[in-house]
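Residue numbering begins at 1 within each chain, and the chains themselves are lettered A, B, C, D, E, F, G and H in the order written.
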Amino acid sequence: MTGFSDLGYARVDTDRESRQGLPEVVYGPGKRPEEITGIVTELLARSTGPVLVTRVEPDIAAAVDVPGGSYQETARLLAWRPAPERDFRLCVATAGTSDWPVAAEAEAVATAIGLRAHVIRDVGVAGIHRLLAASDELQQADAVVVVAGMEGALASAVGGLVSCPVIAVPTSTGYGASLEGVTALLAMLTSCAAGLTVVNIDSGFSAAMAAHRLATVARR
Amino acid sequence: MTGFSDLGYARVDTDRESRQGLPEVVYGPGKRPEEITGIVTELLARSTGPVLVTRVEPDIAAAVDVPGGSYQETARLLAWRPAPERDFRLCVATAGTSDWPVAAEAEAVATAIGLRAHVIRDVGVAGIHRLLAASDELQQADAVVVVAGMEGALASAVGGLVSCPVIAVPTSTGYGASLEGVTALLAMLTSCAAGLTVVNIDSGFSAAMAAHRLATVARR
Amino acid sequence: MTGFSDLGYARVDTDRESRQGLPEVVYGPGKRPEEITGIVTELLARSTGPVLVTRVEPDIAAAVDVPGGSYQETARLLAWRPAPERDFRLCVATAGTSDWPVAAEAEAVATAIGLRAHVIRDVGVAGIHRLLAASDELQQADAVVVVAGMEGALASAVGGLVSCPVIAVPTSTGYGASLEGVTALLAMLTSCAAGLTVVNIDSGFSAAMAAHRLATVARR
Amino acid sequence: MTGFSDLGYARVDTDRESRQGLPEVVYGPGKRPEEITGIVTELLARSTGPVLVTRVEPDIAAAVDVPGGSYQETARLLAWRPAPERDFRLCVATAGTSDWPVAAEAEAVATAIGLRAHVIRDVGVAGIHRLLAASDELQQADAVVVVAGMEGALASAVGGLVSCPVIAVPTSTGYGASLEGVTALLAMLTSCAAGLTVVNIDSGFSAAMAAHRLATVARR
Amino acid sequence: MTGFSDLGYARVDTDRESRQGLPEVVYGPGKRPEEITGIVTELLARSTGPVLVTRVEPDIAAAVDVPGGSYQETARLLAWRPAPERDFRLCVATAGTSDWPVAAEAEAVATAIGLRAHVIRDVGVAGIHRLLAASDELQQADAVVVVAGMEGALASAVGGLVSCPVIAVPTSTGYGASLEGVTALLAMLTSCAAGLTVVNIDSGFSAAMAAHRLATVARR
Amino acid sequence: MTGFSDLGYARVDTDRESRQGLPEVVYGPGKRPEEITGIVTELLARSTGPVLVTRVEPDIAAAVDVPGGSYQETARLLAWRPAPERDFRLCVATAGTSDWPVAAEAEAVATAIGLRAHVIRDVGVAGIHRLLAASDELQQADAVVVVAGMEGALASAVGGLVSCPVIAVPTSTGYGASLEGVTALLAMLTSCAAGLTVVNIDSGFSAAMAAHRLATVARR
Amino acid sequence: MTGFSDLGYARVDTDRESRQGLPEVVYGPGKRPEEITGIVTELLARSTGPVLVTRVEPDIAAAVDVPGGSYQETARLLAWRPAPERDFRLCVATAGTSDWPVAAEAEAVATAIGLRAHVIRDVGVAGIHRLLAASDELQQADAVVVVAGMEGALASAVGGLVSCPVIAVPTSTGYGASLEGVTALLAMLTSCAAGLTVVNIDSGFSAAMAAHRLATVARR
Amino acid sequence: MTGFSDLGYARVDTDRESRQGLPEVVYGPGKRPEEITGIVTELLARSTGPVLVTRVEPDIAAAVDVPGGSYQETARLLAWRPAPERDFRLCVATAGTSDWPVAAEAEAVATAIGLRAHVIRDVGVAGIHRLLAASDELQQADAVVVVAGMEGALASAVGGLVSCPVIAVPTSTGYGASLEGVTALLAMLTSCAAGLTVVNIDSGFSAAMAAHRLATVARR
């Protein structure tokens, strides 16, 4: 555990891929296009897997100068050298249409790192039959990512339906007492369905990376 | 709107019954037994309906000296002159066994003020079929009180199943991120099920009184 | 409880009308005009009642392409096929002029779903005689929606005057310690007037929908 | 501004009386009886006005060894050498019976420092006619202290009725969303009645001292 | 206490002047220029004292169409018919230059309602000698308004120096842990200097109105 | 998904085992010994796997009357019919000795439901070499549970060392700014190490159940 | 950086002394007397400097079985082998008598680790002349620890008087809006006096350890 | 301690340099260019050391009219008459590239006031070997400033590696549960590494000034 490249503005962790099975993923906010260009170039040269930059706005993405990448605007993801798909089925379920950008990030990152991602949209508990109709799809997944804002009750409902790992992603969808996602976050952490796990608000990225860790174990 | 009795330590609102259909309900905490005795005696003399004192601990209840009352320990309710039952069906649903004391208060107050209360216990969403099995019971109610702690998801699930008024009561059941009921409160306020209303944490009393207001309208 | 239409970006709950007496109401934020167009078209085809989209900004409203709708800018409401008025008198009282947009949403939604809504503006407690002068109007209502920001004291004052259901809507009117509506929310939840119920901050929509549930019971 | 007595465990501000018209008031919590005895003895020797110790529990009070003092248990106040009454009428109004201990502290401190204090109990806004019946009393005061917990709406109502200074004291009366007095505090700070001022939660002492500052000006 | 004018969009409290010595002050935010014009015209016709509108942005101010008014941009205050100066000396002290806009509002409102306001700027406790040099000025005031952001320590320092009423106004000056003024607010409420009172964050208006209440008593 | 037993005070979800591979786990707080006895008896009769009751105090545990159970005091766990060990290695790492009770619950529950749990205590980052010395142990695990209070930095450090799933459990260890575990919770949710997941404060139980979900996938 | 002793219940960081100049300090809460005995014995054997255990209640202290230690009850500190005094003058200033226990911990720890600690008590800003009278003492210190609760203004005042490092320790002294020390903490972090640093609420220990780090630099 | 210049809009503390070794530093936000020009001119005339203005946006900086200054855009710092470098080595370590602006402020201020500042970027704990590789650099510093957002774990890791003073600066880097820097702030305050000190969120300035205080002691 010793390798890194010191670019002055960044110490690129070139050892990450051998340690965790994926190159370091670059956090976009606060970085200038030249810095992203430099870090991505270094990661492509010093590793073999997918290279990703998250939360990149379109104008920044356009100014990054590294050939071979693709940009997904809703997911705000820049990606190079996506991994080949492996046999791990990740189901991403959303409570409402407004949660889509977060789900899009989860799906895009998951796909780029080789998971077989599938989205089920708009199955919030106010019309619980929509969720029940998706029971089979959910139960065939290796893991489920639940993306929900407002009160986040979908996580509990899914948690009670499936036996596989459930990763809950609270979103900032809503207003007033939703407190920009804090309410959904707290609700998911205190779910009456046992064994749910939770990641940061609006972090489709974290959910996909948690799924990657799961896939590492499932592979064995 | 002019009547009250000044007992020195309290101004008893003797006009309340004519204004709102029920005598003033006495909030127990911080009052000495003699004060409760005095206020209750005055209310019994100056009104005709049920006289209630809420949140009374057993030792205080035992020291209140007004004949004809009854005390329910789980509900912590002292009651005199309960109202005759009228035809308003109030269903009180709880998410878990631990929410029972709050539901007990809702049921006891509702009964004392003349509503036909009925409790369905332990229908949390982690096993949603328990709730679905109660659909008929719920749908026959004139109003439903949902009592739930932790993430409070039961309110959303019930809200999606019934068309009648739903009064959500968050409870302090849970620990850590449940923040003594604040999480359930926020979650219920941001429910994706439309038209739910919410009362204060652990306030079975408020839910029953809100139901009383409903019954006033339903009567017409 | 089985029907829904899967439009890919949304699962329209076409069973909602039979379950709850109203078609699903569409939450506008985060949806593109094409998506709103698609969902509304589906709801108009698969149900018979009013179809509403809430919190729609003017530019989005202008781009929604479904004939026969109307748009109310202050209320930010898109509506098709409003329900015929029924005999349920809903009084919407505001504490100040600045609370008007939230009251406007409550009034617009209530009217669209068939309630007889009536607004009394600017009766805050700093000049309590303005409220007392409206006592008769308030007491003749089947339910009162109280819309107030800052300290939200109007809810308690109204709660003490009327016997019918009171639905309190905290607003984000104010600054500093009003904490964008949280103070009014907490104050309304802890009102000394018994039996008030509360909905989310700035949610005129929720208040109208809660009134619709009340009207369902009052109809019997 | 130079005098103080260094007792080792305390630096007694013996200059306070000449600067502010009252000797330093001793904050009781965390002090041992011997320390209180020492400080009070020093203050009696080095000043001429009333000497007070606040928030003293009965067992501590009993162990303080300075002749000539009196102890009021509800107010938790130890006092020596009370000031002669001057012509400043302070009205202390409480929302409910449970707010009495805080009002008792305000009354006891105010009396000890020479104000003419008068208490009106139990005039919460849920029965607003009780407050209106006290209008004359309130309007004859030189200042009003409003003591209220829960949503604290009494402060706004009083603020709208009188033209004199209003000092609002939030109390921790209530449960759940009252957040141990924080809700009343925030509500009072955002009152729609102009020119209210607010002191710390449960601090009858602060209200009385603020009134003392008022009396200083009124005297001129 | 019965008069008000119902303009439809507002119920103007025309009784306020006789009750409290000043016409109702208009809260600007959320009101359209036509509404302000209408309310101000009504107040000028139905009362004799100063008519004020607070927190008005320049473009709105320019569109209000009532002759004889003046607008102060830093204070964001529109005023008609200022009161003649009376003999009440109000000292407004600020901790830093950045607190000036709030102090400007306090000064402008106080002047418009007839108080003799005087500002001392930039006497924060980091250089306490600047404050001590102003001791005489402060001690000659009838009341002091302390305007401070960040940790708000100036309020405690002034509170210890003067015997007259101190009204503390927390400001949102600062960043990070200053939490947009909440830190200064909490600090002022828990000051070790006895008898301070506090108003809402950034509310120079409230401080001036509290001073008006003081002046009412001081006049006698 | 239809089975449950209605005991009056509880609806036992007898379908849980077929849905999720484990019988319902009973949440102890708020249940009387007779209720626990009844529920456990029913679960033993209607399922085949381990039956657990969590957060049971010693005096309650002693009063539960069902033969064949065992009680672990530090973990506060009652267990009947523990599952045979399967080949899933769960490493539980604690930051400090004070985190032990939470880790004990995780270990006890994990063991009872058939996971191979192993604890590494006291490897907080203040002496990071203690953690590095445990690298091999950590890297051989199928999943790691990190139990840490205070600032919870251990989760990030472990997250950077291993590629397998990491379940972070914040604890209430600490004082002051640790806010009873909220600080560790927030810190773990915002870890710079990608793909961590988090459960509720002090919930060793949730971590073990999340691991059970992982084991379900790992088995395939 | 490799040494530690694995006692099973603890991994004692025996390398700490060579890395940081002091043996690991033991955090008392949650540890049994036998565990403290074991850890202290190991630290005494494997290092040469002072061995400390913090936040130990008297009954636990009495049960720890290692010869040669001393216990200070107010400071709740167990100490063995105190360091010889070196020439670093640490001044500990408290705002009020109630802050003494925290200052006592700072003084006791500082003394045990070889600093020359000196306490100035009760110099809160409500009587600022008491602080000014101590200016010389403060200015001769190598570092000042300011211990204050309530609004914590003493930190700003001291910060403005001295040029040496100031370590601010907020305490939980106070009630209501002091929020158990959070208000003082926030106030100290936003002080207008530049270059103050802050440690956790009530942590006299942290302040002393920060001073130890300072002394390390000052020694050169 | 008596000197200051009253410019009307500011009281410039001209005594600061003799008291604390540095002229007053000007806080930029809320000041107009003319005001900054006036204050800086006065400080240059009345003192001999470096004159700094912090948090100045480029357009304001361009409008300040005082010859001889320099502006650093990332640090938002205006500086005149920088101090000669003295022998105090300050190491500024950042967790990620996004923390750079805060580190830039720390470095720029430190350099301007004569410290020998050196930055190590991007050594977050997710790849702890990057930090360990910098151990020697860190251990040779006289003090370390740790700049980190998200969970702020770098502070604990550095605190465990070095014996010199550590000043932790939480940043607002991150989203969701990072709560704009509050999470990093709380985490740093509760670090398991002893003797860390903390300054306000995003305040590179405060860290540099705290280092200046350290250097004052180290000089002796």
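Throughout what follows, a residue touches a chain if its C-beta (ideal position, glycine included) is under 8 Å from a C-beta of that chain, and two chains touch if they have at least 3 such contacts.
If you want to know which protein each chain is, UniProt gives these names: A, B, C, D, E, F, G, H = PurE domain-containing protein.
Keep in mind that this is a model prediction, so the values were computed, not measured.
Undergrad: For the chain pairs C-E and C-D, which is connected through the larger number of C-beta pairs in contact?
TA: If we tally the contacting C-beta pairs, C-D comes out ahead.
Undergrad: Have a look at A-F, B-C or A-C and name the one that copies the B-D interface, over half of its contact pairs being the same.
TA: A-C
Undergrad: Mind checking the centre-to-centre distance between chain E and chain G? Centres are C-alpha means, answer in whole Å.
TA: 43
Undergrad: Quick check: how many Å separate the C-alpha centres of chain C and chain H?
TA: Each chain reduced to its C-alpha mean, chain C and chain H end up 50 Å apart.
Undergrad: What whole-Å value do you get for the distance between chain F and chain G if each is reduced to the mean of its CA atoms?
TA: Those two chain centres are 35 Å apart.
Undergrad: If I count partner chains per residue in chain A, which residues reach a count of at least 2?
TA: 96, 126-128, 160-161, 176-178, 182, 185, 189-190, 194, 200
Undergrad: For chain H, which residues are in contact with chain F within the complex?
TA: Residues 95-96, 124-128, 150-153, 156-157, 159-161, 174, 176-179, 182-184, 186-194.
Undergrad: Please give the residue numbers of chain B that touch chain F in the complex, ascending.
TA: Against chain F, chain B makes touches at 96-101, 121-123, 126-130, 133, 173, 175-178.
Undergrad: For the complex, give me every residue of chain H touching chain E.
TA: Result: residues 1-4, 8-11, 13, 15-16, 24, 27, 29-31, 35, 170, 172, 181-182, 185, 200-203 of chain H touch chain E.
Undergrad: In the complex formed with chain E, which residues of chain D make contact?
TA: Listed in rising order, the residues of chain D that touch chain E are 19-21, 25, 142-143, 160-167, 185, 189-190, 194-200, 205-206, 209-214, 216-218, 220.
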